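Shared chain: subunit A. Partners: subunit B in the first complex, subunit C in the second.
So, the complex of A and B:
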C-alpha cells in the first residue's frame, strides 16, 4: 500500500537536487514574467491605439500563439530553428518560449486595460496640452495598467506553471524535468510527485499573493476596499 | 482574509494528498493465488489471473518511438520485438494474437502507468535495476542490450575522453545514472526519448549520444552523418514489468517466456523485426535454448565503472 511505505527520508535525501531545480524554475519564470509584462505593455498599447504596423504584427502574433499548443511552440524553437541555422542553448529556449507565450496572452490583457480607460480622460489630457505620448504615460498607463493587473495575474501564474512543460521539452533541468528523472531512476513516484506538488503549490500561491499585494499598494484611493 | 487563506491551503493540501494517494494505489489484483506446486505429477502451467481472463484482453504498455522494439509502422499499427512478444502472450492467453490493447508509454511514464493500474504489463525496453525492483516486479530477462556511444561522423571522441563534453541520453535512464556515477565531469543533456536526443546530437547540441545498441545501431545504419564508437559498456538485461506482489501473473509470464525460449522463438521474432544487415550484431542478445540471460546480482555490479 503506497501510504504505508511512503518514505519521507527519501524526499529529504534528495532535497538539494530538488532545490537546485527549483531555483532554475524560478529563474526562467522571473525572466519570462518580466518579458511578458514588457511585451504585453508595449504591444497591448500598439493594439489599443492602432499604431500602424505594430498593431497588425501584434494581432498576427497573438493569433498564432493562442491557436497553437505551447509544446509545439517549444519544439519549433528548440528543434525547428536549428534547421534554419539558429541554434539557441537550452536555457535561452526555456525562457524565450515562455516570454513568447506569456507575452501574447498579456497583449490582450493590456489592450483591454487601455481600451477601458474612458476616452474623456485622454481628451482632457490632450486639451491640457500634453502630447499624445505624454498623455499615454501620465493618463492611460496609470489607469489602464491598473485595470490590466488582475487578469495579468492569471497569465503570470500560467507562465510559472508552464515552466513544467518547458523543462522536459527543451531538456532544461527545472523542477519537473529533474523530478521526472528522479522518479524513473528510483521508481518512487508517489514521494516525488507529492514533494513537487507541494513545492509548486507554495510558489504559485506566493506569486499570486505578491501580485495581489502589489495590486492593493497600487490601488487608486477611490478603489480602496 | 487569513482564515480564508489557511482554509484554502488546507483544502488544497488535502485534495493533493487524496489525488496522489488514488494515483498511487494499485487497482489490479494483488495475486492471491500462488503458483501451482511442482509436486503434481503432470506439471500444469501457471494460470492467467482472473482479472485479465475476465476482461478477455491484455492491456500492455509498449514504446511507440523506439524501433525495432516498440514503434508505429507505416500502416499506423504497433510493431516491434516487444510488441510481438505481447502478441505471443495474447495467443497463449486467449488463442488469438489480437486480444491485446497497446498503450504508448515513455521511459518516464511506464512505471507510473503500471502502478496506477492503467496497464497489466510493461513491455517497453525496460532495463532491470535494483532501484526499479523495489517498485515493480521483473520477469526473467527477454533481451540484453549493451551501451554504445553515437557521435557525428567527423568526431574522434571516445569514451575515455568524454570529460567536459556534453552527452545526451534519456532522463532517468541507466546511462544518466552511470554518467553521474562514473563521469562526473561530463555534462548530461536529458530528453524524454532517444529520438529527441538523436536530433539534439545532429543539431550540434551534444558531442555524443549514449544509449542501447538496439536503438543506436539502427540510427547509425540509416543516417550517414553519425557513427558508433567502438566502445561497449554496461550489460543491460531487459525485463517485463509486473505489478509488485502479483505472483500469479509473474509466474504466468515467466512460464510463457520459458516456452518461447525453448522454441528459439525469440530469435525468430528478432529476425522479423531487425534490418537483415544488423541481425548478426543483435542475434546474441536474445534468450535461446542454450543461452539463459541473467540479472546483475548487486547494485554495484549494475553500474560498474569501466
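So, the complex of A and C:
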C-alpha cells in the first residue's frame, strides 16, 4: 500500500520551499488579476457602449482568446515570439499570458454588467445634467460594476488556477512547477500532491465562498433590475 | 499552385494532422463521453435528499472542480502507477479530464433535474415507476434537453484542455507541433536549421480556433433557443 509510508515530516521539511513557490503563485496571480480587471473594465465598457474601433477590437480579442487553448497561447508567446526577436523571461510570460487570458474573459463579465444597467437610469443621469462621462462614473459604473463583480471573481479564480499551467509551461517556479520538480527529485508523490492540493483547494474554496457572500450582499434591490 | 508554401510545411502539417489531431480527438472523445455519463448519474443522485450521498458527491464535485486541471493530470500521471494501475499517459490525462468534466456535468445536471416540475415525478410515480425508472425514463430525458448547451460548452473546454497532456509528454497536436519545431531547428537533412515556432504554434492556434468557434456559436444559439 503506497499510502502506508505517508510522511508528514516531509511536508514540514520542505515547507519553506513550498511557501516561496506559493508566494510566486500569488504574485503572478495578483498582477494578472489587476491587469484583467483593468482590461475588463475598459474594454467591457467599450463593448457595452459600442465605442468605435475599441469595441470591434475587443470583440475579436475575446473570440480569439476564448476559442484557443491557454497552453497554446503560452507556447506562442514563450517559444514563438523569440523567432521575431521578442524574448521574454519566464516571469514576464507567466503574468503576461495570464493578463491576456483573464482580460478577455473579464471583458464579457463587465460588458454583461454594463448592459444590465437599465437605460432609464442613464437617461435620468443625463436629464440631471451629468455629462456622458460623469453618467458613466456615477450611474453605470456603480450599478454595472456591482452586477459584474461576482462573475469577475469567478474569472479571477480561473486565473489563479491557470497559474498552475503557466508555471510548468514557461519554466516559472510557481507552486505546481516547484511541486513537479520536488516529485522528480524525491519521489514523494503523495506528500507533495497532498500539500499543493490542499493549498489550491483552500484558496479556491475561500474565493468561491466569497462569491456566494457577495452575491447575496450585493444583489440589487428588486426594483433596480 | 501552392508553390508559395515552404517545403518544410508539408511533413510537419501531415504529422500534426495524422498523429497529433488523431490523439487529441481520441482523448477528447473518451473524456467527453465519460464526463457525460458519470456527470449525469452523479448529478441525478445529488438530488436525493439523503445527506451521506449528497455530501459524498458534493465533495467529489468541489475537489475536481477546485483543483487546477493540470494538477489533476499530474496527480493521475504520477500516482496511478503507485497503485499498480498501469495505463498509458494519454489515458491518465483522459481520466483527469473526465474527473473535472464529470464534476462540471454533475453540477449542471442537478440544476436541470431539479428544474423538472414535481407533477412529472408524481405522474411517473402514479404510473407505477420506482425511483430508478422514474428518473431513467421520465425525468432525466427531459433534463437532457436543458443540458444541451452546457454539453457543447463542455466539449469546447475539453477539446481545449486536451492540450494540457502535452505537459506529461503525450504526443497530441501541441506536443507534435513542439517536437516538429525542435526538429526543424537542426541543420539539414534532419531539419532546416531555422526556427519556425511562430508559424507552427500560430497554426495550432488557428486549428483550435476553427474547431472551437463554431461550437461556441452553437452553444450560444442553443442557450437562446432552449431556455
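Annotations for the structure displayed:
Here is the rule we use: the second predicted complex is superposed on the first by the 205 of 225 C-alpha atoms of A that agree within 3 Å, B and C clash if a C-alpha of one lies under 4 Å from a C-alpha of the other, contacts with A are read in each partner's own complex, and residues count from 1 in each chain.
Heads up, the rule we're going with is that a residue touches a chain if its C-beta (ideal position, glycine included) is under 8 Å from a C-beta of that chain, and two chains touch if they have at least 3 such contacts.
Predicted model, so just to flag it, every value in this text is computed and none were measured.
Subunit B and subunit C, once both complexes are superposed via subunit A, clash.
In the superposition on chain A, A:173 makes contact with subunit B only, not with subunit C.
More residues of subunit A are in touch with C than with the other of subunit B and subunit C.
When the shared chain is aligned, subunit B and subunit C each come close enough to touch A:197. Of the two partner chains placed around the shared chain by superposition, subunit B and subunit C are both touched by A:82.
When the two complexes are overlaid on their common chain A, residue A:183 makes contact with subunit B and with subunit C alike. After overlaying the two complexes on the shared chain, residue contacts for A:131 are found with neither subunit B nor subunit C.
Contact with both subunit B and subunit C is seen for A:205 once the two complexes are overlaid on the shared chain.
In the superposition on chain A, A:154 makes contact with neither subunit B nor subunit C.
Once the two complexes are overlaid on the shared chain, A:216 sits clear of subunit B and of subunit C alike.
In the overlay built on the shared chain, the residue A:68 is in contact with subunit C alone; subunit B does not reach it.
Residues 2, 79, 82, 168-169, 180, 183, 189-190, 193, 197, 201, 205 of subunit A are contacted both by subunit B in one complex and by subunit C in the other.
The touching residues of subunit A, counted against subunit C in their complex, run 2, 63-64, 66-73, 75-76, 79-84, 161-165, 168-169, 176, 179-180, 183, 189-190, 193, 196-197, 200-201, 204-205, 208. Residue ranges of subunit B in contact with subunit A, taken from their complex: 9, 12-13, 16-17, 20-21, 23-25, 107-108, 111-112, 115, 129, 131-132, 134-136, 168, 171-174, 176-177, 189-192, 196, 199-200, 203-205. Touching subunit A in their complex are the following residues of subunit C: 62-63, 66-71, 74-75, 78-79, 82-83, 156, 160-161, 163-164, 166-167, 174, 178, 181, 195-198, 200-202, 204-205, 208-209, 212-213, 216.
Against subunit B, the residues of subunit A that register as touching in their complex are 1-3, 79, 82, 87, 90, 168-169, 171, 173, 177, 180-190, 193-194, 197-198, 201, 205.
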